[in-house]
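Read through the structures below before going on.
You will see two complexes here that share chain A, one where it goes with chain B and one where it goes with chain C.
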Partner chain A sequence: MKHSVNRPPTPDAAEDQGKEPTLQEIINVKLIESGEKERLMELLRERLIDCGWKDEMKALCRAHVKKKGRNNVTVDDLVHLITPKGRASVPDSVKAELLQRIRMFLMSAAL
Partner chain B sequence: MSGPNEDNNTQLSSHIFGDLLDSIIVDVASECHRIAKLGLDRNLEEEEEEMRLSAQARARVADPSNSSETNTKYVVDIFGQTHPSVATEIFECMNCGRSIAAGRFAPHLEKCMGKGRKARLKVTRSSTAAQNRYSRGSPVSTYSPYSNSTSTNRLSNGTPSVAGEEYSNGTYEEPWNKT
Partner chain C sequence: MSSKINGHVSPQPCPHLLVFRSRNGPKPFRALKDCIRVKPPGGRAAIRREPTEVARCGTCEESSRSRLYACVACAAVFCHAPLLHSHASDHSLSIPGHEIAVDVDRAELFCCACGDQVYDRDFDAAVVLAQTVNATATTSTSGSTAMQCSVAGSQPENLRKRRRVDYRPWEPDSGEHISRGNQSIPLLDAANASLVSSTQQPWGLRGLNNLGNTCFMNSILQALLHTPPLRNYFLGDRHNRYYCQQKNGAINGTKNSRLCLACDMDALFSAVFSGDRTPYSPAKFLYSWWQHAANLASYEQQDAHEFFISMLEGIHEKVEKDKRKSQSPGSGDCCIAHRVFSGILRSDVMCMVCGFTSTTYDPCVDISLDLEPNQGGSGKSSSAKSLNSFNVEADCMRPNQNCGISTLKGCLERFTRAEKLGSDQKLFCQKCQVRQESLKQMSIRKLPLVSCFHVKRFEHSSIRKMSRKVDRYLQFPFSLDMAPYLSSSILRSRFGNRIFPFDGDEQDASNDLSTEFELFAVVTHSGRLDAGHYVTYLRLSNQWYKCDDAWITQVNESIVRAAQGYMMFYVQKVLYYKESENQGTS
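Presenting the complex of A and B:
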């Protein structure tokens, strides 16, 4: 007998049993479809470059690469390296601006 | 806008902001990773290269077998140029007007201007015609041994020179000697 006979039921069956998309997922879809997510990303990127945040992160990465040797570094290493520092060092003004924009979007999305 | 909604909104906004930030962090990390792997960060390369070269240079200095090599003619200076041991640029002697190689200039000037008998006689010879008569008697007999010894000295060095020619015949030949 073929192995395919014993495979698990297709996901459609599972979804019908009440697995609703979360609020988060709905909003995410709306963000992407409206193009707002893209705009917000670009805005955040620009602000972070302007305030020198990106340069700080790049410097951290360079120092790590120099220490470990360029052939021993993975993207994962760098992500884990920058994430805590990166999250903590976003300037308050930048964060406030972005949060404001997001809130406006949420309200306009009429949820 | 009621209370709970506000909180929800705030929480949601923070969450969305966190998502955006994480994406950007991954982008930055990926970019740095790419630069590191492709060796595009010139500073990193230069420092590694310099450290390697300085280690090499230090090894070369410490190595005793190298000291003999550096004393031969083909020493290389910091610009990578080699110079011949006798300077070869040619100048005109301001005293006698001959073309002299720079490396042979000092000995030439000694003969030409100062210390030798020949030089002193040469000066007196060129100053007046009367004095010429007295000096001409002596040159032929007394010059030969003198010039022979110097010529052998010169030739034993093995370096070719313009000034050496004047002594090869054993006589002190000069244009104004032939009268």
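Presenting the complex of A and C:
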């Protein structure tokens, strides 16, 4: 990547604007750096498949595409369509499990 | 408008992608390819400038956005949430030529101007290559995509293109002339013709007497008698019992050598298709089978599936000794039983630590399916134990199931789903050289002519130390498309949205047989594990017939749909459709 690509200088967050990173930011970075975020994502994917959430979202998308026509639907359309329904229909058990995992991580990372 | 690769439609590029490609030389994505990072468990491809980079939006500096895109032209990363704020769109609007970006977590190309995914063959090829290199052991740096197989050679023998043979019209040879004269019975004479037209029953429908708890045998025999390729084989005199016994008698004079289940099948076909409608007693067949499967020789109730497997083995055993055909597993060249029922299953076992995948191919004559676990009840993964109170809610979320109806398709989906093997089932990883936790996924490499699905209707409780039968209803379709369960489809879905053709594709395409199947027989069981009754439903000329030992009655298809399926027989549609014509008129 270092050759032949015009690349604007990477903005350095802390130095550039003097903005304090939010707690969410800090936690997110910690999760990524430790590799925990990847594991949590895999766990979440597995749970959402098991409970049928993925199938339900797929069905919604298919129905929409059928209605609008295959060539008239974009990824952004679909994301817009399923985001509210998707967020609302994640089972409480899945939310609870992930929150628990994050809590455990935070305790072990001594934040 | 869209082009096809191996039957899959590949989308046309958007105008912005075309412009980008034309402006950036023959390899517009070469810099991007160096940024493909593959994470071992699951093998997901991501885009990172440095391996340890934490991707964040260049404008708002947030890393916790759900969609982050890297501009392919300048490598800057931006967030994209069209309704709130899309810094990616802002970027694409501010600098012309910077519309094409790549999703950093999914390695999929995106056009910020069109707001839609776009595809590039070379880029997809590079992603797939990166994912497969990671997944296979390579001692050299060539990064080949060859997968490990247990079958000798890089490609299973049976899938090499068959040599075409010139058409020659058939003429009976001298042996066939003789057998035609002596042992043939006319299919249509005056008496039979009137019988057939009056009862309007198709050929080959004949009750089988129960010889003492032999409904397990009768039910399977009825299904086999109407398995199109098997029926054609025997009715076409491809195994002549007189000729075979003559030959066997000449080689070994002993009684055992004259045991040939194929000969007994031939006799059965002759009897059942003779036109005689009185119930037939398959006593000779039973006796022969007892000799073959001595451990099961009794008048006790048996399992129909066990009988089915044992029968196929019996036919295979005898024939194998006679012919010296190629013994490559799954090719079906060895005997008619395998020619009809044998398919090839592919099993991929992926190490969760390093991502190395080992692939094996095994022939199979049927597929045994687990019923979906009880809705709202016990028996799911151990990690859900602590959330027991939420189980009912979670399980009822399945959209296909309307709270409780299991389907054959659902079972097949579960069969081909990637399954995490428990920590007590660690498998040896060749790369790590230790036992590791693994992910296993099954798929179908080669479809048989006839697919037999066996539903595991027994549950073993280790607590109570007993098995019991599961009566739960399973919905099964009359027409079934096996495409989603093929190795090519399963592999494809592992790599995400790619238009690059896969290792599995070529073989499937050259097969020329479609993936569509038609149901023609259902073996049902009613009763308990130790005491029950088997009944077979047959589909002939688009009518359904219930075969209950000696009694054959025509039934409505709704009866069949509601029945408790234990074994379902599907034949390739191309071998079936002729059946829908009225046989009486030919």
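Everything below uses one rule, namely that the second predicted complex is superposed on the first by the 94 of 111 C-alpha atoms of A that agree within 3 Å, B and C clash if a C-alpha of one lies under 4 Å from a C-alpha of the other, contacts with A are read in each partner's own complex, and residues count from 1 in each chain.
Following the convention adopted for this analysis, contacts are C-beta pairs under 8 Å (C-beta built on N, C-alpha and C of every residue); 3 or more make two chains touch, one makes a residue touch a chain.
This structure is a prediction, so every number in the text was calculated from the model and none was measured.
Contact with chain C, but none with chain B, is seen for A:G52 once the two complexes are overlaid on the shared chain.
When both complexes are overlaid on chain A, the residue A:T74 reaches chain B and chain C alike. Legend: residue contacts after superposition of the two complexes on their common chain; A:L23 is shown touching chain B, with no touch to chain C. Shared-chain residue A:L44: touches chain B; no touch with chain C. When both complexes are overlaid on chain A, the residue A:E33 reaches chain C alone and has no touch with chain B.
By the touch criterion defined above, A:G86 reaches chain B but does not reach chain C. Of the two partner chains, chain B is the only one that A:L98 touches; chain C does not reach it. Within the superposed three-chain model, A:V65 lies in touch with chain B and out of touch with chain C [touch as defined at top]. The residues of chain A shared by its contacts with chain B and with chain C are 24, 28, 74-75, 79. Against chain A, in their complex, chain B makes its touches with residues 1, 9-10, 12-18, 20-33, 36-37, 39, 41, 44, 47. Residues of chain A touching chain C in their complex: 1, 3-8, 10-11, 13, 17, 19, 21, 24-25, 28-29, 32-33, 38, 42, 46, 49-53, 55-56, 59, 74-77, 79-80, 89, 91-94, 96-97. By the touch criterion given at the top, residues 31, 34-35, 39, 41-42, 49, 52, 54, 56, 58, 61-64, 67, 73-76, 82-83, 110, 114-117, 380-381, 383-384, 387, 390-391, 393-395, 397-401, 417, 420 of chain C touch chain A in their complex.
Every residue of chain A that touches chain B in the complex is listed here, in rising order: 23-24, 27-28, 31, 37, 40-41, 44-45, 48, 54, 57-58, 61-62, 65-66, 70-71, 73-75, 78-79, 81-83, 86-87, 90, 95, 98-99, 102-103, 106-107.
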